[in-house]
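Step one of this worksheet: look at the structure below.
We just call them A, B, C and D in the order they show up, numbering each chain from 1.
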Amino acid sequence: MKLLYFAWVRERVGRAEEEAEAPAGVSTVAELIEWLRGRGPEYEHAFEAGPAIRAAIDKRHARADAPIAGAREIAFFPPMTGG
Amino acid sequence: MKLLYFAWVRERVGRAEEEAEAPAGVSTVAELIEWLRGRGPEYEHAFEAGPAIRAAIDKRHARADAPIAGAREIAFFPPMTGG
Amino acid sequence: MTVRLQTEPFDLGAEVARLTDGRSDVGAVVTFMGVCRDRTDSGAELVALTLEHYPGMVEDELSRIEAEARARWSLADALVIHRHGRILAGEPIVLVVTLAPHRAAAFEAAEFLMDYLKTSAPFWKQEETADGRSWVAAKATDDAAADRWKK
Amino acid sequence: MTVRLQTEPFDLGAEVARLTDGRSDVGAVVTFMGVCRDRTDSGAELVALTLEHYPGMVEDELSRIEAEARARWSLADALVIHRHGRILAGEPIVLVVTLAPHRAAAFEAAEFLMDYLKTSAPFWKQEETADGRSWVAAKATDDAAADRWKK
């Protein structure tokens, strides 16, 4: 699947998007975040805020317990500040 | 003092303004309305709605129990419908 | 801070531009424009409204309402324009503009100004339909809307 | 009903005129314009904001918010314009316009649209001051404002 990062999550990860395949057993947004944190210090730094990081699955807001099976695109970003 | 009438109160009284001297004992807006009602059928018709008629003393909203002593101008009108 | 009573129509865009041009300390601008609808509340076709007012008192009352809004909210600026006389269906009747650092104050002050204009400014609307003219009755919902601001 | 994402500024007066011209069934028009202030919340001088967005999702989300407003209130029309990219102090960022028969619906729908834009549309503001750039933190007051619409 494609992973996208926005705002300071993007800056900390050091890239705007990448392809990734999560291993078996990683089945929710929260589990995907835990797996990403183990990939290196830049991911650890980006996701250290834990539940403050928001996610979207295929361009729709998704909660931490949302299943990721079948997702084509998962985005991570800080709380929104538009308007 | 000067009495002013607006909207359908004006139409029922048949004039927009007039000079009047209320007799002794007429000391509040409510008493002034009672006295006016006795002046003729056009006043009776204009004021038959009783408390629904609003008043202003010297261009400020006044309640039925407001004293009229010293007033230069008292206006009577239906509830407002601006905006 | 301005209140204006006039017979001619107004231009919402020009009024907002005049209030905002050259200033960058304002984060929120709210406008309310009341327009003459082409139907009465009972569904009859409306040709025009005629707004009667109490000269002298209406200016005082608009200023009082506007001063009360400024006392309650921290507004950078505010404008109230109210027309009187004959107003055709589709024409604007009233304009309220509020400028504030943040949106909550701008929205609340604009709603407050409208609720008080409706229930306290000495204007009376007369509707003109094919059947003739008739005075618009005050609405209980307008009184209820104004009551929510009472402390 | 329209939602628009754009980099260029917009003209409030022209947008309202386009929505209202030729129609006389609308009694109430409410607009909200968010403007880039020249100070950060901590008081530093602000040169500009840069708004990052999530292409694709932002259009979907604006449309979802606007559809939700139409489902909740009887609106004659509505418009949402949101800019992205670099926005200088004093320039407009966002415009919401609601048209309804009566004012309560127009005001409520405009506030709802703004509350949801703030907390749900995927935009992120970066402030540019003499000290450099920094991301704006989300406000708890914005979450609280959006929560009031939850049934």
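Here is the rule we use: a contact is a pair of C-beta atoms (placed from the backbone, for glycine too) under 8 Å apart; a residue touches a chain by one contact, two chains touch by 3 or more.
Everything numeric here is computed off the predicted structure, so don't read it as measured data.
**Q** Going by the stated contact rule, which chains contact chain B and chain D alike?
**A** Under the touch definition, chain B and chain D have C as mutual neighbours.
**Q** Compare the CA centroid of chain C with every other chain's and tell me the farthest one.
**A** Looking at centroid distances, A is the chain farthest away.
**Q** Using mean CA coordinates as chain centres, what's the chain C-chain D distance in Å?
**A** 23
**Q** Hey, how far is the Cα centre of chain A from the one of chain B, in Å?
**A** Taking the average C-alpha coordinate of chain A and of chain B, the gap between them is 71 Å.
**Q** Suppose each chain is reduced to the average of its Cα coordinates; what separation in Å results between chain A and chain C?
**A** 48
**Q** Taking each chain's centre as the mean position of its Cα atoms, how many Å separate chain B from chain C?
**A** Taking the mean C-alpha position of each chain, the two centres sit 26 Å apart.
**Q** Residues of chain D that contact two or more other chains, please.
**A** 34, 114 - these are the residues of chain D that touch more than one other chain.
**Q** Which positions in chain A are in touch with at least two other chains?
**A** Within chain A, no residue contacts more than one other chain.
**Q** Between which chains is there touch?
**A** Listed by label, chains in contact pair as A-D, B-C, C-D.
**Q** For the complex, give me every residue of chain D touching chain C.
**A** 11-14, 16-17, 20, 22-39, 89-90, 101, 103-104, 106-107, 110-111, 114, 141, 145
**Q** Note which residues of chain A are touching chain D in the complex, please.
**A** Answer in residue numbers: 4, 6-8, 56, 59-61, 75, 77-83.
**Q** Give the list of chain C residues in touch with chain B in this complex.
**A** Contacts found on chain C: 34, 51-54, 56-57, 60-61, 82, 93-94, 114, 117-126, 135-138, 142.
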